[in-house]
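The structure under discussion is supplied below as structure tokens; questions concerning it will follow.
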Amino acid sequence: MRSILETFSNSYPNRDYLIEIVCPEFTSVCPKTGQPDFGTITFQYTPDNLCVELKSLKLYLQQFRNEGIFYENVTNRILDDMVQILSPRWMRIVASFTPRGGISTSITVEYTHDAG
Amino acid sequence: MRSILETFSNSYPNRDYLIEIVCPEFTSVCPKTGQPDFGTITFQYTPDNLCVELKSLKLYLQQFRNEGIFYENVTNRILDDMVQILSPRWMRIVASFTPRGGISTSITVEYTHDAG
Amino acid sequence: MRSILETFSNSYPNRDYLIEIVCPEFTSVCPKTGQPDFGTITFQYTPDNLCVELKSLKLYLQQFRNEGIFYENVTNRILDDMVQILSPRWMRIVASFTPRGGISTSITVEYTHDAG
Amino acid sequence: MRSILETFSNSYPNRDYLIEIVCPEFTSVCPKTGQPDFGTITFQYTPDNLCVELKSLKLYLQQFRNEGIFYENVTNRILDDMVQILSPRWMRIVASFTPRGGISTSITVEYTHDAG
Amino acid sequence: MRSILETFSNSYPNRDYLIEIVCPEFTSVCPKTGQPDFGTITFQYTPDNLCVELKSLKLYLQQFRNEGIFYENVTNRILDDMVQILSPRWMRIVASFTPRGGISTSITVEYTHDAG
Amino acid sequence: MRSILETFSNSYPNRDYLIEIVCPEFTSVCPKTGQPDFGTITFQYTPDNLCVELKSLKLYLQQFRNEGIFYENVTNRILDDMVQILSPRWMRIVASFTPRGGISTSITVEYTHDAG
Amino acid sequence: MRSILETFSNSYPNRDYLIEIVCPEFTSVCPKTGQPDFGTITFQYTPDNLCVELKSLKLYLQQFRNEGIFYENVTNRILDDMVQILSPRWMRIVASFTPRGGISTSITVEYTHDAG
Amino acid sequence: MRSILETFSNSYPNRDYLIEIVCPEFTSVCPKTGQPDFGTITFQYTPDNLCVELKSLKLYLQQFRNEGIFYENVTNRILDDMVQILSPRWMRIVASFTPRGGISTSITVEYTHDAG
Amino acid sequence: MRSILETFSNSYPNRDYLIEIVCPEFTSVCPKTGQPDFGTITFQYTPDNLCVELKSLKLYLQQFRNEGIFYENVTNRILDDMVQILSPRWMRIVASFTPRGGISTSITVEYTHDAG
Amino acid sequence: MRSILETFSNSYPNRDYLIEIVCPEFTSVCPKTGQPDFGTITFQYTPDNLCVELKSLKLYLQQFRNEGIFYENVTNRILDDMVQILSPRWMRIVASFTPRGGISTSITVEYTHDAG
């Protein structure tokens, strides 16, 4: 699934800088009820040698459209995929889901490259 | 009362991450006046081995609907219950109540797992 | 149920004027699912000889707290009760309910005194 | 009480135009509970030969600071006083009061000069 | 497709009143590009003998999730389906779609029962 | 003072259309206290043969910077000047002033060309 | 220039309905100063037999990117082009431009098909 | 004056937690001009053995209604009174006053219990 | 110019506390174009023995009304004057100016008393 | 390209202070699709001996109007140019671009003068 993600070379690898990408049109399916969930996925990362190509990121996220998966798991899995493809110096993902049963939820996961 | 809370396994226990849950439809009863109070309860926590199931959390909070309890006590008691059930690595609860007599109140309580 | 509503004399019956009352803390129970509903009830009316007393209106609305009733019916019933007690020259009630299943609903009902 | 209101000549009596004055610092006392009420009084009027002087209007409204009076009555009384002093072609007053017991109220009164 | 819509009896058929339903989680597919579209569908109607059941309306709208259809056509088709099932006295549907290529679009359609 | 206003030809005199100009940086001096007043002047007009040039309008409004003049009079005078220079088919001017003594004021004046 | 606009058939010509299109990324050049202008163009229209295709509308508006033209003229010219291509039953265009010299401007033009 | 403040026992003295109380209906009198001042007083504190009772806090603040006192002094004095009565572990008070002469002011004072 | 600033004694010199003053009606003149500039000046300071009197601060700022001075210089000069008059323990000034040529600017300067 | 940037002397070089400049009218061209991009560029810097002249900064940014360049590169290149011309003590640039394909992006780059 992560193979759809494309990258391009970071032209300024000597500088630590921040890229933020906000995707407010995320939708997946609740594995318990079969009902669609809606949310906003926000990426923040400092690239090392690679940046993510935006159209491929959109297509990657669209793959969850008809997949049944819990909030906590979809957020962690997207982080794993992005780290695998980009090897960023640092990345944070915040997934905010619209209310269900009067309750709204968001998940925040973070990755820091181990300099070791 | 806390026995109604259900949990599920955290699939990513090796990663410290943040779950935020906002419940804007909390209501209880003022023990002094017998009048209903209304508020928003916000949970933030880093799970250890367990996450709280959202529907059971909703039912848990509904148990306060006809109970007389002060702002400070309801907030602390919810924290005690959640810590007992989830054993989280860290948890903060903010309870914001709608104005009474032109005065609005919020209570913030926090728990950190003692690593000892 | 409507007998709890109290009134006081309109001191300016020779003038047509508008009273608006906003009650954002309305809650009842869904008769289908048994889950609580939350909403805001807004009253607008032109009094004839009587005005509604605010504290009694609050107590009247609190009677719905544990009653199972559909959105459309609760709104129409409140209008019937208010018209019965106040005999206003004109009244409009708007009931706006918080989202359920990602869908929010509001009901608007209106009454005009038949001058005949 | 209305004698404190001062006026000045309307320099453009041949033109119908609108003056709006917003006074967000109104306070009086509830005659039932003795507790202070707070609100915003908005005036809209088309002057005939006189306009109201703003500082005197402020002092006029301050006279209600320690007076016990109901929402409906204070609004109608202010309209009566203003009409008596200004003889405007048209005037509307909207008084919006801050919430009490979770309920907020506003009163709208209007006057049109009878051309007869 | 419209057969999934369920109705219930209007308990107050002698009164003309307004029901508004807002569905911010609508998604379909662009028939030209195959990309998902996102939007908010707002219904306003005056019922005759029938009201629409909310859960069935949600399931009805979910049927568009993987269907390719233009903005103008989806809005008109939903109106046709709702009128066919509910025979309302009056209905308006507003569909607002999120931006594409920096351009956002909304469609407003309306139906009035021909009293003839 | 109005001679500073410049105009240019309306290229579409056969069509009635609306031009709105918002000037949030208006300042003059209170003739009573000598203190500066601040406000926003909004123009709406349907041109006949002439449109106002924006830079000249700015310079025209700057002439009031150190002039002592009442709210009601400055608004009416600007309308008179604009009508004299532009002969518009219709014009409305709204002048909104920042609060003084906790009270804010706005003046609305309007002109319609007499077709006679 | 208008030849770039493409249309498609209105599938519901028997119904009068409203299409609104908001384009917040309009830019042209001031013919006096050579400086770029920025604005939002909003279209509202009731189609007859034709609707405008959105991508072609975007490309049409991009043609103004390096063209020197006054606010009033660009708005009227876009209306003329749209009416020529679409022959709508009714159309309104509102063009709102960002501030220059502390002054912001918007132009509203409207067309109604002459039923004669 | 501070003797009107009532307290109740903190049921969770073993936990450091935060109580925030917002009072937007504060009014006193300017000692220089005799004109009323309006403001919002916000309390944040970590209780030791005592919490402040809300109704008594409201009555305490109402005592300033007709008292002439400067912004800086009223804020510091309220802090002194609260510390005297509650002996909190930590307390911050922010007093924000509405504009006078186009200028708005806020005062922030803080107290930390000396553990010595 | 700074001699117009008046002070009064700080009644609570034993406590470090914060005074914030917001002046949204600042205006000066651009020394390059001769056009007026508009902005908001925000003061934050911890008083030592003296506080600034608000009316004198207003008159001090009004002295810039017809003076030509650059953004950076006016902000630094106001800080120098205030420090000279008040000898505060700490002070920050933020000056935010309205857009010119589509560009808005703010300047932040800070002073800390050297305890040496 | 950077040669168009003009500077003026910092009159307060002995003080570290912050200048913020917000340019919401940035536009360039996507090198992949040829479509225009729109964004807001925010500069924050502490000057050493030189400040940037605002009109030259506007003309500098206008040079990107018809140039094809990626988000990440345009932001880094602007930082390089500004540092080259101004030699600031510290500078941060945030570039926020409007949504494309439902996805919005911002880039944050920072420079600190190496005191060595």
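Think of it as A, B, C, D, E, F, G, H, I and J in the order they're written, each chain with its own count starting at 1.
The working rule: a contact is a pair of C-beta atoms (placed from the backbone, for glycine too) under 8 Å apart; a residue touches a chain by one contact, two chains touch by 3 or more.
Since the structure is predicted, the reported quantities are computational estimates derived from the model, not experimental observations.
Novice: What chains, if any, are shared contacts of chain D and chain G?
Specialist: Both chain D and chain G are touched by F, going by the contact rule given at the top.
Novice: When the C-alpha atoms of chain G and chain I are each averaged to a single point, how far apart are the two points in Å?
Specialist: 46
Novice: From the C-alpha centre of chain A to that of chain E, how far is it in Å?
Specialist: Taking the mean C-alpha position of each chain, the two centres sit 32 Å apart.
Novice: What whole-number Å value describes the gap between the mean CA coordinates of chain B and chain E?
Specialist: Roughly 37 Å separates the two chain centres.
Novice: Taking the mean of the CA coordinates per chain, how far is chain A from chain B in Å?
Specialist: One centre to the other, that is 28 Å.
Novice: Hey, what residues on chain E touch two or more of the other chains?
Specialist: 24-25, 35, 38, 98, 100-102
Novice: Determine which chains touch and list them pairwise.
Specialist: Chain-chain contacts present: A-B, A-C, A-E, A-J, B-C, B-D, B-H, C-D, C-E, D-F, D-H, E-G, E-J, F-G, F-H, F-I, G-I, G-J, H-I, I-J.
Novice: What part of chain I is in contact with chain J in the complex they form?
Specialist: 72-73, 75-76, 100-110
Novice: Within the complex, which stretch of chain I touches chain G?
Specialist: 35, 38, 98-102
Novice: Looking at the complex, which residues from chain D come into contact with chain F?
Specialist: 10-12, 15, 17-25, 47, 51, 54-55, 57-58
Novice: Under the stated contact criterion, what part of chain E meets chain A in this complex?
Specialist: 24-25, 27, 35-36, 38, 62, 65-66, 98
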